[in-house]
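Both complexes below contain chain A, partnered by chain B and then by chain C.
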Partner chain A sequence: MNFKHKYVFLLPGLIVLIGILIFPIIFTVRLSLSGWNSFNPGLDFIGLKNYIRLFTDDPRFWQSFFRLSFLAITTVFLQYIIGFALAHMVWKDIKFKRFFRVLFLIPMMTTPVIMTVIWRTFFHESLGPLNDFLSIFGVQPPWLSSPGLAKVSIIVVEVWQWTSFMFLLMLAGLLSLPKEPFLAAAVDGASPFKKFIYVTFPLMAPISIGAIIIRLIEASKIMDTVFVLTSGGPGTSTETSSFFIFIKGLREFQMGYAATASFTYLIIMIISLTIIVKVLTKVLMRE
Partner chain B sequence: MPKLYTFLKYFFVVIWACFVIAPFLWAISTSFKDFNSVTGGATYIPWLQFEPTLDGWSVLFKPGSQGGINIIGPYFNSIFVTLTASLISIVLGTLAAYALSRYTFKAGIVKNNDITFFFISQRIMPPVVLSIPFFIFLSSLGLLDSLAGLILVYIVLLMPIAVWIMVDFFNRVPREIDETALIDGCNPFQAFFKVVLPNSVPGMLVAGLFCIIFGWIDFFFAFILTFTKVQLLPVKIVALNSSITPWWSLSAAALVSVAPLIIVAFIVERYLSKGNLSGALK
Partner chain C sequence: MAKIILENIAHTYEPNASNPIFALKEMSLSWADGGRYALLGPSGCGKTTMLNIMSGLVNPSHGKVFFDEREVTSMITEERNIAQVFQFPVIYGTMTVFENLAFPLKCRQFPEDQIERKVKEVAEILNLQDYLNNRAKGLTADQKQLISLGRGLVREDVAAILMDEPLTVIDPDLKFRLRRKLKEINDKYKTTLIYVTHDQNEAMTFADNIIVMDQGEVVQAGSPKDLFERPQTTFVGYFIGSPAMNLYECSASSKNEISIGSNSFKVQANINNYNSENLKLGIRSEYITVENEHTDNSLEADVIEVEDFGNYKLVTASFDSFRIKAKVKRELDIPSEKVILKLPAEHCCIYEDNKLI
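What follows is the complex of A and B.
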C-alpha cells in the first residue's frame, strides 16, 4: 500500500495526543528538580534533592505505595473471581438472563465519586443502614474511622463499582468462544466442573490476562473513592499514592516534591506493570 | 451435582443483585426524607417509617439565590464536554487505529505495537500526576475554568480507549474488504471512507459508549481545572458533601446524575446479546 497515506491516518491522533501531553510531561520532570512550594513559587534548580528526600526520608510515600499495591491487587483479584463467576452464571440458561445482565452492568456506568458519596451515608456509623442491620447482632463497627475497616470499606466500594467492568469483559469473552471445544467435551461426557477447568478456563486465558491488566491499570489510580470516603484517613491509613501526591501538590503546595513523587511513581508503575504482564502471561497461558 | 450448581448459581446471582441494587434503593429512600427523618436513624419505607417530602428533589431545580442547588447548568456542561471529547477522540482514534491495523510503521526500534502501546499507556497516568502541569498549561493558554480546556484534557483521557477498541476491531475486519476496493480503483482514502468505515459502525459505537462512560464518570480533572464559571455535575454534587451534608438532596442529585448512563447499560446488554460486542471487545 501507499507510503504517504498511512501518515495521514495516524498523525492527526498522534500529534493531538503528543501536543497535549508533551508540555505536562516535560514540565513534570523539570518541576521535580525544583523546590517550588508555597513560600518559594518558581522553577529554581535544586538538583536531585527532592529525589534524595523521597528515597531516603519519606516512609509515608512508600507506605502509600504499598497500601495502593495491596488495595489494587486485592480489589482486582476479587473483581476477577466474582466477575468471571457472574459472567459464567448468566452466560447460558438462567431465568431473567437479560435482567441480571443489565443489572450487573450498571455499577460501572455510575460516577464513582457520586456513588461513593452515597456509600458514605451507607457506611455512616449511627445513621447508615449497614450498622442499622448489624445492630441486630449487637455490633456497630466504625466503618470509616478505624484504620482496618476503612480499608475494607474502600475495597467493598471498589468491588461494587468495578466488578461490573470485569463482568462485561468476561461475558463478552465467553460469548465469543468457539462452540467446537464444548461439543467435544460434551461428547466425552465431561462434568461441568471438568469442562470449566479443561475447556472454558484455558480458552478464556488471553481474555483474562487482558481484563486483569486493564483493571490493574485503572485500579492503580484509586483516588475518587478514597477522596470521598475517607480522605485518606483515619490518619494516613487509607492514603494511596495518588492521594499522597494530591496532598503534597495541591493541598500543601509542595509542587516540586509532588512532581518528584509523580515521576517516581510513574516509573515504578511502568516497570511493575511490565513484570506483571510477563508473569500473568506465563501463569495463565500454561498449557 | 447439576442441581447443587443450579441452586448455588441462583443463590449467588440473587445475592449479588441485592448488593448491586442496595445503594440505589437507599438513595431513593433517602431522597424523600427531611432533616428529622435522616438524623433519627436509618429508615427505609416511606409513610410507614417516615413522612416523605419532595424537598430533596425540588431544591435541585431552584437557582442558588433561593437556596437551591441548580444542577441544570452543570448537567448540560457535563453532557457537552463528554460528547464533544468523545466525538473528537473517536474520529482521531479511529483514523489512527486504522493506520496501526493496516500499515506497517517502523522508525528505529519503534514499531506498530509500540505506537499502539503509547496510545493505550496514557491510561496508566493517574489524573493527579497530570493535574498540576495541566493546571499551569491551561492557565498559560487562558483555558482554565473553561469548557474548551476540559475538552482538551478529556481527549487525553478518552483517545486511548478509542484506539484500544478500534485497533482490535480493525484487526478483525477482513483485509480483503479494503483490497477489493483498492483494486476497483479507489485511492486509500476512498477505500477507507466508502468501504471500511460503513463496516466499522458497530466498533465505533462500542468505542463511543466506552468514551462516554469514562468521560461522564471522571471527577478529578473537573475538580482541579474548573472553579466557578464552569462546573461539571460530579464536582457540583461532591461539593454538597463537604458542607453540612443534606443527605436528601445529595441522594436526589446522585440519582439524577447516574440516570442517563443506566440507559447505556441497556444498550451494552443489547449488543452483548446480539453478539456484536464480543467482536469489538476482546
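What follows is the complex of A and C.
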C-alpha cells in the first residue's frame, strides 16, 4: 500500500482530534499570553505577564486550588470507603440483595444540579428541614453561611451524589474476582477480617486505583455543586479552581488571565494525578 | 490425619428443581489414613464436587461425611482441618513466602517459635528456603503452586491434603519432579493425599489407588495395575491407556468362545448368558502380538499404518470392518500388507452391557 494512504485514512480522526482537543489547548496557551478582557478584546501579546501575576500576586487562585485539593481528596476518600463497604455488603448473599443494589444506584440516576437545589433547600438555615429538625435539640447550624460548614455541606452533597458511581465500580470488581483465593483462605482458617485484608483488598487494588483516579479527575472539576449550593461563598471560602476560572473568565471577562489560570491548573493536575497514581500503586498494590 | 468415609453421598446443584440433575450420584467410599489416591475422570464427571464435599466447600444434598468416627457433614471448612490445593496457584500476593507458609498457623494462633520451625522445615522440603524473604507475587507459577502446597503441609494435623488438578499450570518436566515430591511427602508424613486429575498418566504415576469416575458415578476403584489389566467397564478400558483399549461387539458361541465377524476367539471368562446381544470383547494393544503364522486366537488383518514412537511401534490394521491397534517392539519388522495378530485368551476381557464378566 502507498505509504501516504495511511495518512488519508487517519485524516478524519486527526481532524476531529485537532478540532476538539489540540486546537482548544493551543488556543488557551495563546490566549494566556494575551491581555484579552472586556475593555481590550483581542489576541494581543503581553508575554508572561499573566503568569507572573498568577504566581506572584494572586493568593486567591492558590487558595482555591488547595481548597479544591482538600474537597476532592476528602470526598473521593469518603466515596471510596462508603462505596466499597456498600458493594461488599450487597456482594454477599443477603436478603433483598437486588433491591439494595438498585437503591444504592439511585443518586447516580438523578441530575446533579437539580439534586443540589434540593440539598440547598434541605440545608437552608431558616426554611430547611434539617435545621427544623435540629431546632428540637436547640441548635441551628449555619450550614451554608459558615466557611467550615459550607465545605461540609459541599462534601455531603458530593459524597451523596457520587458514592453510587464508586459503589458500581467496586461491585463490578468484586463480582469479577476469582473464587479460589477465598476458598483457599477458608481452608487456611482465615477470619472474615483477615480474608478482607489479605484477599479481597489486594485483589481489588487495581480496580480501586482505577475507580479512585476516575473519581479524582471528576472531583477536581467540582463546579456545579459549588455554583448552586454556595456560589463559592461565604466570601470565597468554598471557591474551587474551576469556579475561580469561571468567575475570572465569564463574570469578569478577563479571558487572557482565565486562560492562564486554566492552563496552569491543567499542568498542575497532570503532574499531581501522575504522582497520585504512582503513590496509590505503591500503597495499594505494594509494588 | 484421619480415615475419610463418605456414606451415601449425593449432590445436586439445583436442589429445588423438580427433576434435579445430580453432579454426584449416591455412593459410599472410604479413604484409608495415609493413602495416596487419584480421582480420575473426564471434565464434569463430579471429581471436584466430591473433593469440595470432603473439604466442606460444598454441602452434600444427601449423605454423611466422617473423619474417623466424627461426623463432619455440617462443619465448615475451617473446622474440618483439611488442606486443599487448587488448579491455579493461590498465594497471598502482599505477603512474603515465609508469611504465606506461616498464614494457616497464624490463623490458628500457633506460637511464633513453632511457626518458624515448621515453615523452615516445609520450605526445605519444597526447595523454597532461598525465597523465604521474597515477595510471593514475584515467583514463578510452579513456585507459587509449591507455596499453595506448603500451606497444607505446615499443618501437621490435617485430615488430608486435597489437590484439584494442581499441576495444570506446571510445565511437563517440573510436573514429574513435583509428583515425585508429593510421593516423598506422603512417604515421610503419611498424610492422606487425594489428587484430582483428568490425566491418566498423572493418576497412574502418582497414586496407589485410583478412583475412576464418569457422569457422577464411581465406575472403578483399584490399583493402576487393576485398572489397566481388568477394566471393570468399557468406559474404564477406553479412558485408561494410550491408545485406548480395542473394543469389539461380539457374539458368544459357547461359554468360552466368542466370534467377531468371521473370527472366533477363545476367552477365559465364563459367559453364562451367551445369547446376550450386548457382548463386547476388549483387549489392550499392549497384549496383542504379531505372529508369523496362524495360531490359536489369531486373525489376519490388513495393515493400515505403522507409527514409530521411538520405544515402540503402533500397528493399525483392519479385519472385517473393524480396526485394531497393536503396540509392538520397535525392532520387529511389520509386513506392509497383511499381518497375523494374536489376541491371547488370558488378556481378553468380555463385557456384557459394558460391564466386565
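Throughout what follows, the second predicted complex is superposed on the first by the 270 of 287 C-alpha atoms of A that agree within 3 Å, B and C clash if a C-alpha of one lies under 4 Å from a C-alpha of the other, contacts with A are read in each partner's own complex, and residues count from 1 in each chain.
We take it that contacts are C-beta pairs under 8 Å (C-beta built on N, C-alpha and C of every residue); 3 or more make two chains touch, one makes a residue touch a chain.
Everything quoted here is computed from the prediction, not taken from an experiment.
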Fit-or-clash call for chain B and chain C when the two complexes are aligned on chain A: fit
Chain B versus chain C as contact partner of A:Leu168, first or second or both or neither: first
Which of chain B and chain C A:Tyr198 touches, first, second, both or neither: second
Partner chain(s) touched by A:Leu78 [first = chain B, second = chain C, both, neither]: neither
Contacts of A:Ser241 with chain B and chain C, given as first, second, both or neither: first
First (chain B), second (chain C), both or neither touched by A:Ile276: neither
From chain A, separation angle of chain B and chain C (C-alpha centres, steps of 10 degrees): 80
Dominant toucher of chain A (residue count), chain B or chain C: B
Partner chain(s) touched by A:Ala186 [first = chain B, second = chain C, both, neither]: second
Least C-alpha distance (whole Å) that remains between chain C and chain B when both complexes are overlaid: 14
Common interface positions of chain A, toward chain B and toward chain C: 191
Complex contacts: residues of chain A adjacent to chain B: 1-2, 5-10, 12-14, 16-17, 20-21, 23-25, 27-28, 31, 82, 85-86, 89-90, 94-95, 98, 100-115, 117-122, 126-129, 131-132, 160, 164, 168-169, 171-173, 175-176, 191-192, 206-207, 210, 217-218, 220-221, 223-224, 228, 241-243, 245-246, 249-250, 255, 258-259, 262, 265-266, 269-270, 273
Contact set on chain A toward chain C in their complex: 178, 180-181, 183-184, 186-191, 194, 198-199, 202, 286
Residue ranges of chain C touching chain A (in the complex, touch as defined): 55, 57, 76-78, 82-84, 86-88, 90, 92-95, 103-104, 107-108, 135, 148, 151-152
Complex contact set, residues of chain B against chain A: 1-2, 5, 9-10, 12-13, 16-17, 19-23, 26-27, 30, 38-39, 41-42, 44, 88, 92-93, 95-96, 98-100, 102-103, 105, 115, 119, 121-134, 136-137, 152-153, 155-156, 159, 163, 182, 187-189, 192, 213, 216-217, 219-220, 224, 233-234, 237-238, 240-241, 245, 247, 250-251, 253-254, 257-258, 261-262, 264-266, 268-269, 272-273, 275, 277-279, 281-282
